[in-house]
Amino acid sequence: MTDFEPSSEEVEALFEQLDREAEEMGYHLNPDADFTEDLVRGLLVNERRYGYRACPCRLASGDRDDDLDIICPCDYRDPDLNEYGACYCALYVSEEVLAGEREPGPVPERRPSPEVRERAARSLTSPSAESISSLSYPVWRCRVCGYLCARDEPPGVCPICKAEMDRFERFI
Amino acid sequence: MTDFEPSSEEVEALFEQLDREAEEMGYHLNPDADFTEDLVRGLLVNERRYGYRACPCRLASGDRDDDLDIICPCDYRDPDLNEYGACYCALYVSEEVLAGEREPGPVPERRPSPEVRERAARSLTSPSAESISSLSYPVWRCRVCGYLCARDEPPGVCPICKAEMDRFERFI
Amino acid sequence: MTDFEPSSEEVEALFEQLDREAEEMGYHLNPDADFTEDLVRGLLVNERRYGYRACPCRLASGDRDDDLDIICPCDYRDPDLNEYGACYCALYVSEEVLAGEREPGPVPERRPSPEVRERAARSLTSPSAESISSLSYPVWRCRVCGYLCARDEPPGVCPICKAEMDRFERFI
């Protein structure tokens, strides 16, 4: 736990960075600036507390591996944008919501329970040997936005959504 | 039909947005600013008329599903840039044309006839069951730029060319 | 050979362009501005000399096909960033190196010898007929960053790393 209070300059700088990165790739921050600033402040508090920007609306464990799916932008942002017009926190909203053509719904928690997550991790099977052997490079998938690339290792940062390397999984 | 005449501010704003998005992703607007502004004006007129930015150099039907392939940037822009150095309208030009290393040729209409388009739509087969079953997510393809991503549903906007969700097709 | 000396304006312009493109896609130029400017100057000299921006730290042959893998950003940048925190020239550095969390190591030459490169080129086999026949478009891979897209021909410029069309290879 921490009493860390980010300065308004820090909040503003991250706000602007996230806004720019979002717009460049077709995402949108919530246009309610006060609301969004509170969430950005929460991201900075979590970054100081845990070492990574865990979702400000969920309880993080403090173990990066356990929390990987809820580092913002979380693995659930894009399906929630599609289905509900907003992510779980409503930090990100869809084009329709931004344009006022749709009300953002309440967004139910899509994250599986710890038991289900653990089971899924255990049953994770590698792509079949045949599919691998026929391609010259492995294909990596960003768990946040679905970006695909073929290279020996995933990129340091997803060029589309800026998620870090450990958010990539082997896809083929 | 409409008498809508976009303001010069609206034209300028869309011009700048398209130019920025193009340059960020390695595309280029026609450097002839007057010519390009006329086309941008046509896009705004079509947006008001049809609800989407149908190609200003083609006759749109007014049915979004029928016109999907000619919403700008159209499905034919990228092959035309490769082959002729410009899209059908010459709103977009290739690097070589921009650099004066190549003259943009006349660009023949690449869009198939309505009969051929309809036949193609009918014969569209889903990817084979085997190829699907071996991957953890479906792979989506942007029909405009070929961007691929693996996720439950396509993104709201193509992060590369900004085409909307309904321009994506299931690829694998 | 040439005595071409780029003007400081030319160096500055390319520096800014490379810096912007890098940051937009999650890459970083070396923060040592003097060092980086020297490399950018070397790129401009090579561009004038060879017609393309061959790596300033390697000996180019002057034949674009032979040098394709060392046109900057080279085919080896991304694996070197992952493994050593910097590319061969240290023009590009990783996030960790930029943040001071890691010292860039000496980067050994990853480029295969001419004999090995030639053998690899001869043994290059096309993807199997089956994998091709089941997809509606060929999949292209950027040899620099691994970007994948499905279209009749590769894009004129890689939207992620700005490598030119001839840096793409048929992947599937």
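By letter and in written order, the chains are A, B and C; residue numbering begins at 1 in each of them.
The criterion applied here is as follows: a contact is a pair of C-beta atoms (placed from the backbone, for glycine too) under 8 Å apart; a residue touches a chain by one contact, two chains touch by 3 or more.
The shown structure was predicted, so the numbers you read here are calculated from the model rather than taken from an experiment.
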When subunit A is superposed on subunit C by its C-alpha atoms, the rotation angle in degrees, nearest 5: 120
Interface numbering overlap (same over half, different under half) for subunit A and subunit B: different
Separation of mean Cα positions, subunit B and subunit A [Å, integer]: 28
Subunit B residues counted as touching two or more neighbouring chains: 24, 148
Touching residues (chain side subunit A, partner subunit C) in the complex: 24, 134-137, 139-140, 148-153, 155-159, 162, 165
Subunit B-touching residues of subunit A, taken from the complex the two chains share: 24-26, 78-79, 81-82, 94-95, 127-128, 131, 141, 145-148, 160, 171-172
